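Naming follows writing order (A, B, C, D, E, F and G), and every chain is counted from residue 1.
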Amino acid sequence: MITVGYFLIAFGAFFYFLGGLGILRMPDVYNRLQAGTKATTLGSFSVILGVGLVNLDYLPKALVIIAFIALTNPVGSSVLARASYLKGIKPTDKTKVDEYKGGDEK
Amino acid sequence: MTALLIAIPLLTAFLFVPFKEKAKFILPIIVLINIVLLFNLSINSVEAMGGWKAPFGIVLVLDSASFYTLLVVNIIFLIISLIPQITENGFSILLLILLASTNGLILTGDIFNSFVFLEITAAAAYIIASLKKNYYGAYKYLIVGSIAGGFYLLGAIYSYVGTGSLNFADISLNLNSSFLPFVSLMLFIGLAVETKILPLAGWVPDVYASGSPLTPAILGTGVTFTMMYLLGRIFITIFNGYFLDVLYIFGLLTLILAEIAAFRQEKLLKALAFSSIAQAGLVLSTISLNTYDAIKAGYFHLLNDATAKIILFVIAATVVGNFMKNKTAGISFSIASFSLIGFPIFAGFRSKLLILQSSFEKGDYLLPTVLLFSTIIEAAYLLKWNVRLWHNENEETKQIPWNIVLITLILALLIIFIGIFPDLYLKVSENITDGLMNYKAYVTTVLGGM
Amino acid sequence: MRRVFALLISLGLILFFVNSLSILPEYGNVELSKVSNAYINKSVNGNNEKVKFGESKDLEDGAANVVTSIVVDYRSFDTLGEVTVLFTSALGVGLILHGFKRKTYGRLPNFILRVSVGILLPLILLFGVYVFVHGHLTPGGGFPGGTIIAAGILLLYLSNEEFDLSKTSKFVESYAGSLYIVVGLVGLAIGGVFLINFLPTGVVGDLFSAGIVPIVYILIGFKVGAELSGVIADLYREG
Amino acid sequence: MVYYISFILIGIGIYGILTQKNLFKFLVSLTIIDTAINIFIISLGYIEGKDVPIYSKYTPVANFVDPLPQALVLTAIVIGVGTLALGASLLVRVYEKYETLEVEEIAVKEARK
Amino acid sequence: MISITNLILVFLFGSLISYLLTKANKVLGSIFNFLLTAYALYFLWNIEVGRSEKLFNIFSNVQGSLTVTNLGKFFSLVSFLVLAFVAFFVIDWIRFKPRSYAAFNAFYLLMAGGSLGVFFANDLITLYVFWEIAVLASFLIIPMGDESSKKAAVTYAVMSALGSYMYLFAAFSILNRYGVISFKEVSINLLNEASIGYKWFVILFIAAAGIVKSGIFPLHTWLRKAYGGSPDAFTAAFSGQLSKLGSYVLAISLAVFPTVKMFSPLYQGVPTLNYILIWLGNISIILGTFMAIRQNDMKQLIAYSSVANGGYILVGLATLDSIGFAGGLFHVFNHAIISVMVFLSFAVVILRTGTSKIDEMGGLIWRMPMTFVTYLVGIISLAGIPPTSGFISKWMIFNTLVRHGMFVTAAIAFIGSVGSFLYVFRPLAGVFLGQLKKKHYDLKEASIIMLIPMLLMVALTVLLGVYPKPILDLIVSVETELGIKPLEHAGTIIKTPLGSWNTITVFIMFAVGFIIAFILYLLFPKAKKVELTNQYTGGEFLYNYDLYHYATGFYRFIERLYDKHPSFEKLYEMIGVFFKSIGDFVTGLIYKPSPSGYIFWISIVILILYWVRW
Amino acid sequence: MSVVNYIYFILVGFGVLFSFLRILLGPTSADRVAALDTLNVVLTGTIVFLALVFNNGLYLDIALVYGLLSFIETVVISRFLEGKK
Amino acid sequence: MNFSVFLVSYFTWMILTSFTDVKELIVGFFVSLVISIVMKKYYRIKFDVKFPIRVIKFVFVYLPVFIWEMIKANFDVAFRVLSPSLPINPGFVKIKTNLKKDSSKLALANSITLTPGTLTLDVKEDTLFIHWISVKTLDEEEKKKKIGGIFEKILKGVFE
């Protein structure tokens, strides 16, 4: 159990690393968010669950935190992505299609 | 029981949040209760909040200095509360908070607690400063006040590190001397902004001259008095005279520079604001002489200045046009001006005499010289404004409310009374001086026979 | 030029502080002050026993969280002042922004945000309450708890164009604050001293322990929550 | 190290206030200074190898860092928040009055009055 | 007989009563004022020297008190003579004052009360207290005059403050050094004072107050505007009475504190310090005379003459010589009376014509002969022409100067005398002689009430010119008291080492001369009267009177000499401007448009304090 | 298991560093906020991990508060960025 | 009062306090009660008889798929981030959904965000706006299948 826990922690840490790298390397805010969100969500799941497994006392609260992150992290990214779009931040030149234009109108 | 002086106004403020507009009716009653309560407290008592004795808990110290300062400040609040017209809707609740916080500042025997009350005072002051849409001025005050507060906090922390305690008396006894420079410098910065010491008093003209009578009337008198008391408590009682030489120089510079600046102002309220700065400088350098007579003279002058400044600010901000149609108010205004200049018969003359005598006694010729020189400048602009306000005819004039006329007149008569029989104010300032200078008694009272 | 001057001045100030390091203890090598020692051992009034979690009983102060025992008991008077600062600020924000109306963005609200806040909000409030109810046992207390509640209100403001804080918050603020003082006054009446901890302090670590500490922290939680919500509401207005 | 960081942060805040010309940025700089002071105070209570000052099943007997600075900082933070809120509301009004937060533009508008 | 303290209190509280009375009825209030001042005059005439009264505690260990001295009695008699006469004049004059009349009467009494205290103060600080009351009261009256008076009042107050504070500084220094402030004890201490520098400082600083008030160079600049602008009747009291407070303080600093014994004599028994003061007096004489010559405003003109006469008084007093000092005191009296005559006649003229500009008037002798007579006698005395009393005092001063070998000074004093002929003639010719303007055809003579004090003064001046004994007796008692060798005189004969002066003989000579001149005037044919507007040139009528008024450019030939002169008035204006620019600088320094400035100062203060102090 | 501690802190350290770089580089404020948001999630997880390191469960409560506040931070800033229509 | 709010709150409280102390349960009961009264207006999940089945479906059907997809997504991210050429072909696309309830649409949006290559920007009625890191097709049906695919079906089962 404890070994699994530690493995999960290390695994999660790797995705935290990837999240940071994605944020740094991706060309525009939308792609950065894609990389950052996915990596950090999985990373958090992994790390926090790992902590819960290493010390079972922590498990209930760990699960609450996981649920919380599962709900808020994608929402946060969505909200930010939408805001960036509405603010008019240009996506990278590689962007081909835009079907969202005018999507915020009532 | 002492805590009630803070608890009652605070409780009232909390209770009146949903009915802010009604607070102006309760304000005078609360202040009155406070004053009555004050007289029922015994001097030289220490009250440990929550029952935690010094130096572990926060104590409220009521010695002769804090008692008389409380008396003065609360009476100032009473006077202000009797002029409800100058408090705009909802702002009188701030006066309740301000009352609680100034009382706290005066009573507290704990340096961090004094920081907290300082911040309450400041917060209330920022808001009051924003009256008459003076938002930019209030904002500037907020920035400089917060930075000053930060330094005060640092000073408090350094004294904690240097003593292991936050208690004033304990700090006074045990502060490692290597900490003194840092602590006193930081506390000085914190207090200099609030006591209006140049060059840190730049916010004053903006705030005092917004056109609201309330702002300068309360900040320039009650709050200033409190801050001067705190300054005395810290540098005279706690640090036993350390750093006063610096205060002396800053006081002199403030006095002369602010008078010159006041002389130049083209708006009366701005001139009065600078005059207020200058008088603070005078009081500061006088008490920095650190003799019994000098400190007494300093606080005596502070009392006179406060009396005069309430009149000047309230009338200057309410009277539009000339005094011919508001003669009584005009007479009060002139009396207050003459007192500030120091004409005989008026209270200011007495304080000028005392300051001169005490500084000569100390062998100090610089303060008298600067004082007299700056008084000439002060006479120049105050008299100019008096002549202008009495003798210009073309401006339209509104009648001002009877209670303002009455209160300022009573204060003006008080100025003359004090000018002839100064004993009342002298007694107050003697008691404040006694309390501030009696360093050993303070420490023993607070810490017991340590 | 201005920047060079500013840089020099800032560097000078930093140097000033760095100079003060000569009198400060080394980082991490601080000696516990006599005051803190007394707080930790709950021995201000002379208790010589070692405090033990879950065992020590009826001490002068029963909060397991020593910071809380300082904030709400040993230096409760500071905290009353602190609450007052916040109160004053909230009041001031209201007075300064008096006459403004609820701000709107004039565009479709964010669906994702709106729905997720709808699910999160009760949990956030619950968590806020959890934080201040356990203020004497765990990290947290009235201030973080109140902040969390206000954060929930803020989310509501961000996700909902119509929501506007009701007058109730003013009453919550008013009564919670008043009750804090009333608790202090009751202490004055019972124990002769303002803000004295007049309830039994129980066992260190127990939910029902520490006397008036949790009560005051709950009041603070409500007050801070209401005040910060009020500030948010006021700042969420425009002329 | 932590001391130095907080001093440098204070320096940065002061530098910010000295050089900024936007009123909002003053508030930001102020917050930096406040934060730096708080970090500094907290670090003055840190004792190596000691724990958070809470009796719990994890730390049943006292082996704590100095709790007092933490308590003080808690107060200082709340005070800072209050000031920040006040400053922000004043800025809202300033903006309403001058339609700008730039110091120089405000000065021009003030002078024109 | 009531105590002096009570009399002073009567004046101070009387000012309130006077205010209310005047408010109710202008004339009634003024009568009250007159009665009070007249009673005081009576009281002072009968007061016995040496009376002493405790007044108030200045500090716990310092008692303020009043004492009657001969010096104080002399000055107070002169003062209240002037005050009573002016108060009588005001009874009618005030009917024409549209506003501030009640305050005028109130402050008038306040000033009188203050002056009373000054003359009987037994110590430095009591004197200061009453001094400031008198200054304040006069400051309050000045801006009730014309437009220029507003600014003039402030200038006056500032200059006064300068003098007063120098005085106060010295007073406290004395208190601190010796622990005493009464004149007697202070003078004893000063005699034993080892430090020469300290003595210089004390005497000069105390004298400063007197220098300002009596308009001595270089602190004379306030006088022109303050006299020129203040209410017309008040100017008489201002010049006749209030400026004498200055002379009083000068007398104290020179004679009560015996400078002769304190400083070693420089020349002929006159110490250096006195010499310096004599020179200040000299400059005042020259300056006052020559500046008076170029004034077009008659009040400002006589204001400058007051500077010159203040100079004469100072020169006389500073000689500390039996005859010189007596001359100075006598001149105090003379100038007081002259001021009343001249300024009251001006007050009448201004009241009737509405202007004080010389070139806007002319020929008023035909409408106001009595006023003219008052002015004429006034200026004769002012110019020091026998048989008026004005001549006697000047003669005593000349006499002393010549005797002490101060020939330059004597020459200057003489030039001043000659100059005074020139300037007093300008209003005489411009206002009273020459063409009567059309708009002035309907002017009336002053009322009886106004004329009574004016003509009584005329009589007094002539009378004392013939029979100066009462004054001389007073002066002798003063000199005796001060330890100066008393003047020798026998009623109408004043004895000096250079010969004696018989007033009656001189009077008879001059009276005969006048009669002969008058007969000649009647015998010779008179010039034809021509309407001023009947002038024309090149077929065009000229309507610009001013150009053709012969008071315009009256002394152009002299004025050209000093058109671009350096003046202290300009210097003080420059100082004012300088202060304003410092004010701007300081304001800019402290008061910043951006919060950055405030934080800058906080940082700087920390850095400086830290690096400087530790 | 101090090895895991090392692995964890090295990997997360780089992740944090990269996020920091992005905060510094920008170029738009949205980029900075995105990086900040990521950083906050990483820190939340790290606080949970600290509970293990210091063997003190109180860190879990702190993590929850931190996570909540950082979410709100992101939402607030986004709302601010978005501005008015 | 809203019973579902109460249940969720009370359950959360119990987790937070580790089910240990009776006092905690009592306090938690009252706290949850108050919150469920105050919050009745703002909660979105309704409890009914089908609730247990939904939970089972959620845990055993949705979660495994979701976690698998998420792991896939992360390796996808890892691949893209680590490869030097940064192979992306992004675009903003929209897809239609048949889901009706707000909560299910939210779940879909979040699932899409956390699964490979896509990020939901906004939801407007039945349309989801999505940032797609490598746009493969613009055909409506195919888009829907590639992006929302399985989740829509599962979520329909769980929520509706």
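Assorted remarks:
The rule is simple: a residue touches a chain if its C-beta (ideal position, glycine included) is under 8 Å from a C-beta of that chain, and two chains touch if they have at least 3 such contacts.
All of these numbers come straight from a predicted model, not from anything done at the bench.
Listed by label, the chains touching chain A and chain C alike are F, G.
The fewest steps needed to get from chain A to chain G, moving only between touching chains, is 1.
Among the remaining chains, those touching chain D as well as chain G are C.
Taking the mean Cα position of each chain as its centre, E sits at the greatest distance from chain D.
Ranked by how far their CA centres sit from the centre of chain G, the chains are topped by E. A count of C-beta contacts for the chain pairs B-D and C-E puts B-D on top. One inter-chain figure worth recording: chain C and chain G are separated by 34 Å, centre to centre, where each centre is the mean of the chain's CA atoms.
Centroid to centroid, with C-alpha atoms defining each point, chain D and chain F lie 20 Å apart.
Averaging C-alpha coordinates per chain places the centre of chain A 56 Å away from that of chain B. Chain F has its Cα centroid 48 Å from the Cα centroid of chain B. Each of residues 12, 16, 109-110, 120, 122, 124 in chain G touches at least two other chains. Taken residue by residue, chain D touches two or more other chains at 14, 17-19, 23, 26, 44, 52, 54, 56-57, 59, 68, 75, 79, 82-83, 86, 90, 93, 106, 110, whereas all remaining positions touch fewer. For chain F, residues that reach two or more other chains under the stated contact definition are 57-58, 61, 64, 68, 75, 79, 82-83, 85. Chain pairs that touch one another, listed by label: A-C, A-F, A-G, B-C, B-D, B-E, C-D, C-E, C-F, C-G, D-E, D-F. Residues 105-107, 113, 124, 127, 131, 138-140, 144, 147-148, 151, 154-155, 158-159 of chain C are the ones that touch chain F when the two sit in their complex. For chain D in complex with chain F, the touching residues are 51-52, 54, 56-59. Chain C contributes residues 20, 22-25, 33-36, 38-39, 44-45, 73-78, 80-82, 84-85, 87-89, 91-92, 94-96, 98, 167, 170-171, 173-174, 177-178, 181-182, 184-185, 187-188, 191, 193-197 to its touches with chain B in the complex.
Residues of chain F touching chain A in their complex: 1, 4, 7-8, 11-12, 14-19, 21-22, 28, 30-31, 33-35, 37-39, 41-42, 44-46, 48-49, 51-52, 57, 60-61, 63-64, 67-68, 71, 74-75, 77-79, 81-83, 85. Of all the residues in chain B, the ones that touch chain E in their complex are 139-140, 143-144, 147-148, 151, 181, 185, 188-189, 192-193, 198-203, 205-206, 246, 257-258, 260-265, 274, 324, 338, 341, 343-345, 349, 353-354, 356-357, 360-361, 365, 368-369, 372-373, 375-377, 379-380, 383-384, 387-388, 390-391, 420.
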